[in-house]
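As written, the chains take the letters A, B, C and D, and residue 1 is the first residue of each chain.
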Amino acid sequence: MRSARNPLARLSTEMDGSIDQIFVSTLHRIASLAPPAAQPLVSMLLIIAGIMVVFGSCFALTTIVERKTLGRMQNRYGPNRVGPFGFFQPIADGIKMLTKEDIVPFSADKALHFLAPLVLTVPVWLAFAVLPVGRNMAAIDLDAGILFFFAIGSASELSVFMAGWSSQNKYSLIGAMRAIAQMISYEVPLLLAAMPVLMLSGSLSLADIVQAQPPGHWFLFTPWGLAGFGMFLIAATAESNRSPFDLPEGESEIIAGYLTEYSGFKYALFFLGEYLGLFAVTGLAVTLYLGGWQAPVSFLQWFPSWAWFALKFAALILLFIWARATLPRLRLDQLLNFAWKFLVPLALLNLLVAGIWWWTGRAQFPGLLIRWLVCSAILAAAYILLGRGLKDHKLPPHRYHYAV
Amino acid sequence: MTTPLSHYLLLSALLFSVGFAGAVLRRHAVLVLIGIELMLNAANLNFIAFWRYGPHPEALTGLMFAIFSIAIAAAEVAVGLALVIAIYRHRKTSQVEQFQALKG
Amino acid sequence: MLSEFPFYALALVTLFAAIAAMTLRNLVHCALCAAAAFTGVGALYLLLDAPFVGFAQLLVYVGAVAILIIFAVLLTCAAETGPGIAFSSSWLAGVCAVALVLAGLVLPILMSPSLDRLAPPVAGAPVKDIGNQLMTIYVLPLETIGLLLTAALIGAVVIAMQDKPDAQPASDVKPPPREIADKDLCLR
Amino acid sequence: MEAIVKYLWLIPVLPLLAAGWGALLPRSRKRLAAALAIGSVALSGLLALWAFCATLNPPLIRHYRNWVWFDFGATSLQLGWVLDPLAAVMLVMVTLVSLLIFIYSLGYMAHDDNAARFFCFMALFAAAMLGIVIANSLLLFFVCWELVGLASYLLIGFWFQKPAAAAAAKKAFITTRIGDLGLLLGMLWLYSQSGTLLFYDNGHGCLEQSSLAPLLARATLGGMAVSTGISLLIFCGAVGKSGQVPLHVWLPDAMEGPTPVSALIHAATMVAAGVFLVARMFPLMSNSLNPATGSSALHVVTWVGAITAVFAASIAVAQNDIKRILAYSTVSQLGYMMMGLGVGGVAVGMFHLITHACFKALLFLGAGSVIHGCSGGQDIRRMGGLRKFMPLTFVTYAVGTMALCGVPLFFAGFWSKEEILHAARHWPVSNIPFCLGVAAAFLTAFYMTRQVAYVFFGKPADAAQAHPSPRESPPVMTVPLAILAVLAILVGFLGTPAWPWFQSYLTGEPARFTLGKIFDRPQLNLMFLSTIVIGAAIALGWRIYARAASQTSRDIDPLEKPMPAIFACLRNKFFVDEFYARTLIRWTSSFSVLADWLDRFVWGGAVWAVARLTLLLSFFNNDADESLVNQSFDNGCEGLRNSGRLLALFQNGQVQRYLRVIGVAFAALVLLLFWGCA
């Protein structure tokens, strides 16, 4: 692919020994050992391996951190038996998952039942390819990186459907339908929330977006950026089926939804896929609004860029865990109403506000203040008015209809 | 890019024919729609291939045509499927051969 | 030869998926195969140095069209075409027409040597250029497409919307809530 | 000064608002309606007094304010109001008399269910009348004039359930309309000649010299000056409104209305509007080439007035209805005023108008009090001896009578009538109006004596047996009587020869007191003459009727015995009504029959024929349509349908067939391209 510029070529020109570039230089050094013809291939393989190792262990770490945090928040210890403070629990879980019997229901569509977890997990790995996790640290810098990200993300809906339908179980199918409805609904605000960032940075490339947010000028520090960040986080939560939007997997209602008939390694794959999806979208949020690997203020730039990214990333993950521990699950109609009647209009308005912001980009001091006030006032008013519209939503007598 | 243009065109022709065959031969309305989508895809593939192999790749005309074609396909499939569902709701069938209320 | 491998692999996969989509009995399988074919075409776009179109293809076809088709299949309760034959009654005429079309498409390609040319080495289609052209030369089509999509969206919703029951039954006795049967969910 | 001119419009608008509000009130809100009417008129009266005071200073000042009503083409129609002594004195008179009569009506109409409507109409009348007075445009004047006519119509027909009242209302309306037609024509003519209807407009108004001179210069048919023609047409309006011969017939019949209405509208104010019109238009009326003899229009005014005075007075002698006698008396006095205007100018006529308003209102209200006391009876022969039962009414009525008769020195009527006779005596054209005036004065004194004798003296006649105790009216009625009686005495002193304040006020000169003027020889002679004439008339009346008053009503009138033919003629009002019925009304109705016949048969027949012809033609048309147009169209449609049916065989609704056809067509196209290329 031409537009994916060879990262190695670029890195070699910016070689320096600083701790900021330690991963880049190490990669280059290892790759240079290989014969020149194989160098691109080798470095690519190394990068892939790096991503898989880092985010794979991230997955393991997150499961245990989540369980422990939830435990603390619910006044209990959480897992504390395996290893120091129970931190080897993920390993134990992994072994358990791999050795469990792989149950396939008799009437299931075997092929699809097998394919579903793969279709979920493989594309998610791809999504990390465009994520700049540090200065010069994106596997490929695509011109249309963010488009690639969302295009890859659409595979997960198919996989959910495959899982739900192939199980030939009504709870699975209902769960899958819920999940698809939710993901489609929240894909719209997700994209719309990301749109102002693309407008203001003038590029679809994630590297350019990060470049457009020097220290102190993160998009988070603008009214539209703040609103967009909030909406993006909410939509991302829903996209990754996490609490409080976890009703596709609601155990108490539909017995874990489309996951009902999965067990063993396939279940682990689903689990992995979901967490990786969460990581990917969190990384995107960091990139879009929190300046990616950029420091918050310029005098903190001595801190390595990848560490900044990791810090923000970890903070957001903890935020998600906190939300899971705190918020109750929504009803399906509330969920959809919230997307279509609140998030989408607000995101469209946010687009307009971002336009105003761009248009008044040359404002000097007093104008700057007015710009701030006007933009914030528009968003606040819309927030209040739209929020009022959500109140007192009366439900009709509810019946499920899929094919009547 | 050592693949000759004609290979892309042949692939596109086959894809088109497969889609056409599905649209003409299958009974179910949804499958007819899928066939039409395949035909559209084949046409888009042609556009892109001609753009890439054409003398003026910087003009982007083929690319644009493909983009607009994709957008129109989305609209078309939405309306088409809505029609299929509506007909199914009224007639309890989705067999194309039984959709003949509009005969002359 | 090695550099041509991706094209032939993708072409085979795409063609195979398309044929499967048009021949399988189970409609859900058909839809999923169609999604695979769409993905293959998108990958071919990437191969043709048009990543923007390729990603757009994935986003639209896999993310939206395939899902829509699957919903339509489930809503028309037609995962299986049933015991009857899957092909239309006038299949013979159809096959003739398909053969004619295939011939009409393939023969000219095989017969024109000018189409055997190779691609020019560099072709740039940066996203920025696409964006600029969409906002300048192609702004009118773009706006028209926006309008068309809005109209199609509203139209589709209106067409597919469930009709309201004409009159509520006068009696106070409500019909008992219905159990969801497997039949309703198109399960076997 | 300026302030009152600015707010002069409030004077008519206040009662108008009261009328509008009153119209919206339910029937039961009598008190509120009365309070509205009285309050608004009282406020207007205060404003009028203010306006009057503002005009008191000697130099004659005429303030007016004009405004554009609307534009058409290049010209614009202007309306306006004016404040001059003439308007001011009328304002005071109208508001004062109206106020007194409204108060009086409180008592008189207390038992009527529709009193709310009554007060609403009365307020409307007051508004319109005040509008007339302040109008500075003949158009505005005319509008208010017609409103006054409308109010008069509504009030005469107030008891519309009585057929006589309804007929009288109709008669009044139609008769005055004849005069108004003349006024309208005169107005249009005036507009076409002078281009403006404003009276005073900074030197350009139609009553100012710049437009009067050209009017005089132009001649119309018979060599008459245009101004004379216009004046005569306008005078037609005055004749109609003021009940001059020959349009006097409506006024006696108008007595069918409630007595306060008769007093206010048909004695004191509205009928005087005609006189006011002549006074207002006096510059136009007197527009003459020969200042010595006066204009020919004024000659007509004089003759009509003099004849009316005698004519009506003689009829009054033979009437028995108390209000009818007063009505004819009013007609006669209005004739006097007209004569005064003709021979002596604005001041003379207006002075009599003011004094007459006071004492005639007094007389009518007194008559109302009598009727009220006698529970509705109006025949003087059925009354008698009422002075014992109604002393206050009697005293005030006597004052009014003496004022009307012109009893010397102390009563207003004497001075104003003297003024008129004096002017008539010196009229250069003819002596006959003077003689007629003296005759009218004699007759007036005579019939008033007859009436008073019948009503208040003698024994209680049948009325006493029918209604055991005629009673004095409540104070709300007698107090206005008393006030008016005082006025009837005092007003006269404003215009004595010794101190002609009123005359000089109207002309804008300072008044000078010279006692000796009374003793000028011609003046003195005239005063003696009229004293003798009046004394003789009273004595004669008393002698004839003092005895008759105690007789019953079935007896014939004492005058009937010596001269039955003349008396019958008088009693039947010189048969004027019958004459009109035989001639004008019959002609009109015959003409209507003719017009009806024309409409029915000639024009109707023509319409019928055209309709038949159209029907006939439409039959042909229909045939042509059916056989030619439709047939060919049907055939064409049939052909189209057949071909469509043929094509529809192909259109079987199967999508896949269409697709196949497209595929085949595509292949054919490819083939064709190859063929073409090869």
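Quick note on the criterion: a residue touches a chain if its C-beta (ideal position, glycine included) is under 8 Å from a C-beta of that chain, and two chains touch if they have at least 3 such contacts.
Predicted, not measured: the structure shown is a model, and the values here were computed from it.
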**Message:** Per the definition at the top, count C-beta pairs in contact and tell me whether A-C or B-C has more.
**Reply:** B-C
**Item:** Inter-centroid spacing, chain B versus chain A (mean Cα positions, whole Å)
**Value:** 33
**Prompt:** Taking each chain's centre as its mean C-alpha position, how far apart are chain A and chain D in Å?
**Reply:** 96
**Message:** Roughly how far is chain A from chain C, centre to centre by C-alpha average, rounded to an integer in Å?
**Reply:** 27
**Prompt:** If you average the Cα atoms of chain B and of chain C to get two centres, how far apart are those centres in Å?
**Reply:** 7
**Prompt:** Residue numbers in chain C touching 2 or more other chains?
**Reply:** 49, 52, 56, 64, 71, 75-77, 88, 94, 97-98, 101, 105, 123, 125, 162
**Message:** Which positions in chain B are in touch with at least two other chains?
**Reply:** 20, 24-25, 96-97
**Message:** Under the stated touch criterion, can you name all the chain pairs that qualify?
**Reply:** A-C, B-C, B-D, C-D
**Message:** Help me check something: in the complex, which residues belonging to chain B touch chain C?
**Reply:** 1-11, 13-22, 24-31, 33-35, 37-38, 41, 44-45, 48-49, 51-53, 55, 57-58, 60, 63-64, 66-68, 70-79, 81-86, 88-89, 94, 96-97
**Item:** Contact set on chain C toward chain D in their complex
**Value:** 88, 90, 93-94, 97-98, 100-101, 103-105, 107-108
**Request:** Note which residues of chain D are touching chain B in the complex, please.
**Result:** 644-645, 647-656, 659-660, 663
**Request:** Would you mind writing out the residues of chain C in touch with chain B in their complex?
**Result:** 3-4, 7, 11, 14-15, 18-19, 21-23, 27, 30-31, 34, 37-38, 41, 44-45, 48-50, 52-53, 56-57, 60-61, 64-65, 68-69, 71-73, 75-78, 81, 84-89, 91, 94-95, 97-98, 101-102, 105-106, 109-110, 112, 115-121, 123-125, 129-130, 133-134, 138, 141, 145, 148-149, 151-153, 155-157, 159-160, 162-163
**Complete:** As the complex stands, chain C meets chain A at residues 26, 28-29, 32, 35, 42, 46, 49, 51-52, 54-56, 58-59, 62-64, 66-67, 70-71, 74-77, 79, 122-123, 125-128, 162, 177-178, 180, 182, 184-188
